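Just passing along the structure, written as structure tokens.
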Amino acid sequence: MRLLALIAVILTGGLIIFQTGAFPDFGDANAPANTYLSTYYLEHGQADTHAPNIVTSVLADYRGYDTMFETTVVFAAGLACFFLLRRKKVPGGEPRIYRHMPTGITLRIADGGKLPAEDSEVFRRLDTEFVPQQLIIKNTCRIVIPFIQIFALYVIAHGHYSPGGGFQGGVLLAASIILYAISHDLRRAIRRFSEKTAALMGSLGVLIYAGTGALCLLMGANFLNYKALAPLLGVDAVMARSHGILIVEIGVAFAVMAMIIWIYYNLSSAGKHDEGL
Amino acid sequence: MTHHFPALLIIVPLLSALIVSAMGWINRRWCFPLAVAALSGALAISVGLLTQVMATGPIAYKMAGWSPPIGITYVIDYLNAPILVVILAVALLNLIAAKTWIEKDFSEKIGAYLALYLLFLSGMVGIVSTGDAFNLYVLLEIGSLTGYALIGLGKERAPLSSLNYLFMGTIGASFYLLGIGYIYIATGTLNMADIASMIPQLAESSTLFLALIICMAGLFVKMALFPMHGWLPNAYSNAPSASAGLIAPLTTKVMIYAMVRLGLTVFTPQFTFSRGMLSEAIVWVAVAAIIAGSLLALMQRRLSRMLTYIIVAEVGYMVGGFWLGNEAGVTGATLHIINDAAMTLTLFLAVSAITWKLGSDKFEDLQGLFGKMPFTMMGFVIAALAVIGIPPTCGFFSKWYLITAGINAGQWAFVGALLFSSLTNAVLFFRIFEIAFFEPFATGHGHHDHGPTFSEAPLTMVVPLIVAAISLIALGLYSGDIVTKLIQLAIPAGIA
Amino acid sequence: MELLYSIKPLAAILVSFFVVPIIFSSKSENVREAWTFLAALLKFAIVLSMLPFVLKGGQIAYSLVEVLPGVAIAFKVDAFGMLFALVSSSLWIVTSMYSIGYMRSLKEHGQTRYYACFALSLSATLGVAFAGNLFTLYLFYEMLSFATYPLVTHHQDKEARSSGRKYLTYILGASIGLVLPAMLIIYTQTGTFEFAPQGFMNGAFSKEATTVLLLMFVFGFAKAGLMPFHSWLPAAMVAPTPVSALLHAVAVVKVGVFCVARVITSVFGTKMLATMGLGTIVCYVASFTIIVSSFIALSQDGLKRRLAFSTIGQLAYIILGIALLSPSGMTGGMLHIAMHAFGKITLFFCAGAIFAASGIKNISEMVGIGRRMPFTMTAFLLGSLSVIGLPPLGGFISKWHLVIGTIESGQIFFLFVLLASSLLNAAYFLPISYKAFFCTDEEAMFEKKVDEVPTWCLVPLCITATCSVIFFFYPQPFLQLAKMTVATIIGAPMP
Amino acid sequence: MTDLLPLMAAKYNYWIYTILMMTGLYAMIAKNNLVKKIIGMNIFQTAIILFYVSIAYKTGGTLPIIMEGGHGGGHGAINAADYINPLPHTLMLTAIVVSVATMGVALALAIKVYRQYGTLEEDDINHQIRTQAGQ
């Protein structure tokens, strides 16, 4: 099998490499790929959308429709992970172990015993193993997380002028929550940012994107043609495009953040939403 | 508003998927009605589009208002308008039929399931209606990703099958993406019509030819053309019944549509069929697919597995017919996309109803089924006749064009394979009819009036099944109209 | 020639089609059978209402949707189709009556399914009769195969299953494996399927190709039972007798020969076949079948099996007659469809009556049965005389034309085939009647006490036997229809 | 061989992506562990992303963020050759997201497989399936 795979792979690779002789050279500015459409975007992008970052203008305006589905892909992946993994009740039941936080004593609740409240700060639920408290990591993360989040907001808002945008910002936001979940534990993260919030926020994010498109449609222009939003936003057509891009980027950020967090919740706990990794 | 139909066709399932997903967390009872309403709406829009196309010709819709090739365009023409209607009709019928299954299997996660269902559908609809080569890739991934999830929560080996499907699907989609990259290198554009307009000047370009091969190879993996079919039987037969009826009829067919679309309106027939060697080789692969699919189907002892191998053979029909490269072949392949979607739907709906009542679809459990579930079996019989290719069911007509194409092209192996597969299908299905009709054997010499007791599947399953079965006959009777008023207009000039 | 566009042919086909759901939904037996009768009568009435116009030389056409370029589901009622439709629709009435008596007296199960499939089969039969092109013909031919399958396997036991398997293997295998490719090849060359009095091939094929195509059709329509595609017919005798009677003496097998006749006359064209000399090949195939099947029939003890082999031989007569390509031969062949139908259905009715009354299936156990069932056995005698072709019965008329046909075409060999087989027919039929009536008291297996089957069974077989006699003296309208058909064929120029 | 070296030098990006892609493909076919296959899949997808990004490069080009001009400014001032091609970058943003999403779903499925069979080695899983079928 391995040998066969190797032969197949080498043959395919050889075929592909063999053909590259006809390809344009690396960095060739006169290749068809670099002269036809891209020239239009570079030359007209800023005038059309008032966004100096042409990647952003192509992403969210010229090919905004692709990007809507890109967001949808993330949304679908989040839904898929939830759908595949999430289980409310584990067959056979699990031992209930709690740590009494002030004393650090670990308690095991017998079957039928009285359970502490789910959001109790005194008793914290543990899973099967003893987990040591990592004070330095926890406190470091607690300090870093707000900065990550502020930077994330900057990345989202500044997507017009520098590399960045909804995806990158959304992932940063998600990273902040994931960092919290890793440094503390998953249960606490879920208490801050619940599963339901993630699900609804994901829907909301894509809804902002698709809804903006649909709003354009209601205003009489084509789907996602932000120009139609000009009367609503009180600006001219080009600025409306610029604002439109920002709106959908925010939607993307919402969706990506919520979904990445949700995927992490489900993957890290195999759908049980317990203590996690 | 009719002007915006091409966009609405996608937006309606997409937005409703979002709302259904949110509803899953708020009030689960609303999910199912919302999904049905959304699909009905989308179906109505697709019918509206079909009538528009038939009345006024192809429609182009500029997403975000940018003209091609700068922006993304949607094009509804004679080729995809009927396929859109079929896709949405299949999805709607299956959704209604799957109601009881969904409530049983996914009661907790109904919002997520239905949202994935609708997203899958918006992916499929998008693939069929887009006029942009890269946009097709994005939608392909939407369709695939949701498909993996819809399959993954099934019976027995479903997660493993789904994971294997994911590997193969990703390889296929990535090859397609690579092919698009090659096209982009050669032409600098992604718009299908724009690419087609440049093809004549680049007829000798080896880059483009490699792009054609790679794109097609990717699609072949995704449509499970033999011998890349390994993932399909496991994935489809282990899928939950509610998903099998959606994915089995649509995925492979939509991939074949993508092949036709790419071959006809991106690479243009002159270029696609210019290298005789390639076409001939693919036809031979298709012949192998037909024969292997039929033989493997013979070896199965479970209804749903048998059907999945029939799908493998049917993929061979369409691929072979298309790559014969003559008018009858392309017509037959396109017509068969529509017919096969309807046939597969009917078969899988019947299997789903049978599994619902019996808890199994093994051959030995099907005894006396004609007495127990006469309506389900009636639908099954009609679908079986369509698959065998008995007039006036629709399967006969597409097969007719395909065989004609084989004769015209002098490709006798293909003709022989089609006839062989018809006969094998007849054996396959009559074996089941015999089990369901004769066993358990009548005691004595037919002097008893108490056959198996009547116990039919719920109405929500039977009615869509019967509707689908009737549509098979209707599609057959109107296949002349479908061909002359739609498909023949969709075939560009330059095909012999 | 007058051409009339009317929905009547379609109506005649659909009458029994629409009665199927009613049969399924009716609560009581009487209602169900009343609907069957109503449909049968209505169907016959519609067919009959078209008769005068056809007899005047007109044709009635109706076209449904166009399914392939240039090919529609189209119906055309001409004299030949009319002849066949008359025979089958009239005999359905009689058979329905007989079915009621037979099925009720044997308390068969699944009668609802039985009547429904019966009605469906008749739809398909008329569809074949009225088909306006080769495609429509094929469509209804296949529909008939499926509609009759539940009838053949009615008993749902192991024997029925294996017979059903054989039935479909032969019929479906031949039609998909031979007829369909032949149709495709013809279509790709000519682009049409429309029947024409002298065919539509227009010399598109060489002689060799035409030979192959012709044989593909002749064998592919396996319902015609030409050897070696015959063995489904004896196997299908496991069906209840009314089914055997109508379907295997009338509808199914006659559909087979009708299709072969149609293809020879309206697809290939007699003149083209004559110039190529291809009729003779078919004649030899048919002759072989006639002789061999007669010999096999001699050795059969089961009454229905003997009748089945007799049918195989008689079907070959019809094909022989058509393939002789001479006017009288064709007339005789077509006429034999009607005459043999009435004769053979009588015989099957009698076989069923004997079984229903006494449970006996084998000829060796029927010694002296005429004492107990005089009416039945008299009818049996009349039926067998008709099939043998002796006056004063209808079968004589058709056989006479066949004999004339062989002389006309100058192929004396086939004359001897006909005569020899007639002798063989007599050899396997007459002993049955003889033993039934003329036997010593010691030999007799039955008491001298009349104990006939129920009236519902008895009346139909008397009717058909009487008809066989009547047709000798007044073979109309069948003879005229056959002659008209032949006149059209002969009169038409070669395309 | 004399032609090959300059050819390689001018088009080395294609060589790199091909080798990377084939590495991923090989892992997907030949590796026994499902997670290794998933990693192979990711390498495979990344190779294609590299390919796209490499074709966008123009020698001497800079990021496609237009600094001069401005709203309504004369666009004649913009020289397209100074900026790298933005389109493949946009496309690859989509492809990256797709590959992340695919990887998420793949891992979810792998977790399910592990939950079901207690292993991620394909041989072991197939062995289990066969013994189950045998019983």
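We call the chains A, B, C and D, going by the order they appear; numbering starts again at 1 in every chain.
To be clear about the criterion, a residue touches a chain if its C-beta (ideal position, glycine included) is under 8 Å from a C-beta of that chain, and two chains touch if they have at least 3 such contacts.
Note that the structure is predicted; figures quoted are calculated from it, not measured.
The chains that touch chain B as well as chain C do not exist here; no chain meets both. When the interfaces A-D and B-D are ranked by how many C-beta pairs touch across them, A-D comes first.
Separating the CA-averaged centres of chain A and chain D is a span of 19 Å.
Distance between chain centres (mean CA atoms), chain B to chain D: 28 Å.
The centroid of the Cα atoms in chain A and the matching centroid in chain C are 74 Å apart. Centre-to-centre, using mean CA coordinates, chain A is 32 Å away from chain B. Across the assembly, chain D contributes 21, 25, 55, 87-88, 91, 94, 98, 101-102, 105, 108-109, 112 as residues in contact with two or more other chains.
The multi-chain contact residues of chain B, meaning those touching 2 or more other chains, are 134, 138, 141, 145, 148-149, 152, 159, 184-185, 190.
Residues of chain C in contact with two or more other chains: none.
Chains touching one another form the pairs A-B, A-D, B-C, B-D. Those residues of chain A lying in contact with chain D across their complex are 1-2, 5-6, 8-10, 12-13, 16-17, 20-21, 23-29, 31, 33-35, 37-39, 41-47, 50, 52-55, 58-59, 63, 66-67, 69-70, 73-74, 76-78, 80-81, 84-85, 161-163, 167, 238, 263, 266-267, 270-271.
Every residue of chain B that touches chain C in the complex is listed here, in rising order: 385, 388-392, 397, 400, 403-404, 407-408, 415, 419, 422-423, 426, 430, 434, 437-438, 441-442, 445-449, 451, 476-481, 483-484. Residues of chain C touching chain B in their complex: 64-69, 71-73, 106-110, 135, 138-139, 142-143, 146, 150, 153-158, 160-161, 164-165, 168, 172-173, 176-177, 180-181, 184-185, 187-188. Within the complex, the chain D residues that touch chain A are 7, 10-15, 18-19, 21-22, 25-26, 29-30, 54-61, 63-67, 69-73, 75, 78, 80-81, 83, 85-91, 93-94, 97-98, 100-102, 104-105, 107-109, 111-112, 115. Taken in their complex, chain D has these residues touching chain B: 21, 25, 28, 34, 37, 41, 44-45, 48, 51-52, 55, 87-88, 91, 94-95, 98, 101-102, 105-106, 108-110, 112-113, 116-117, 125, 129.
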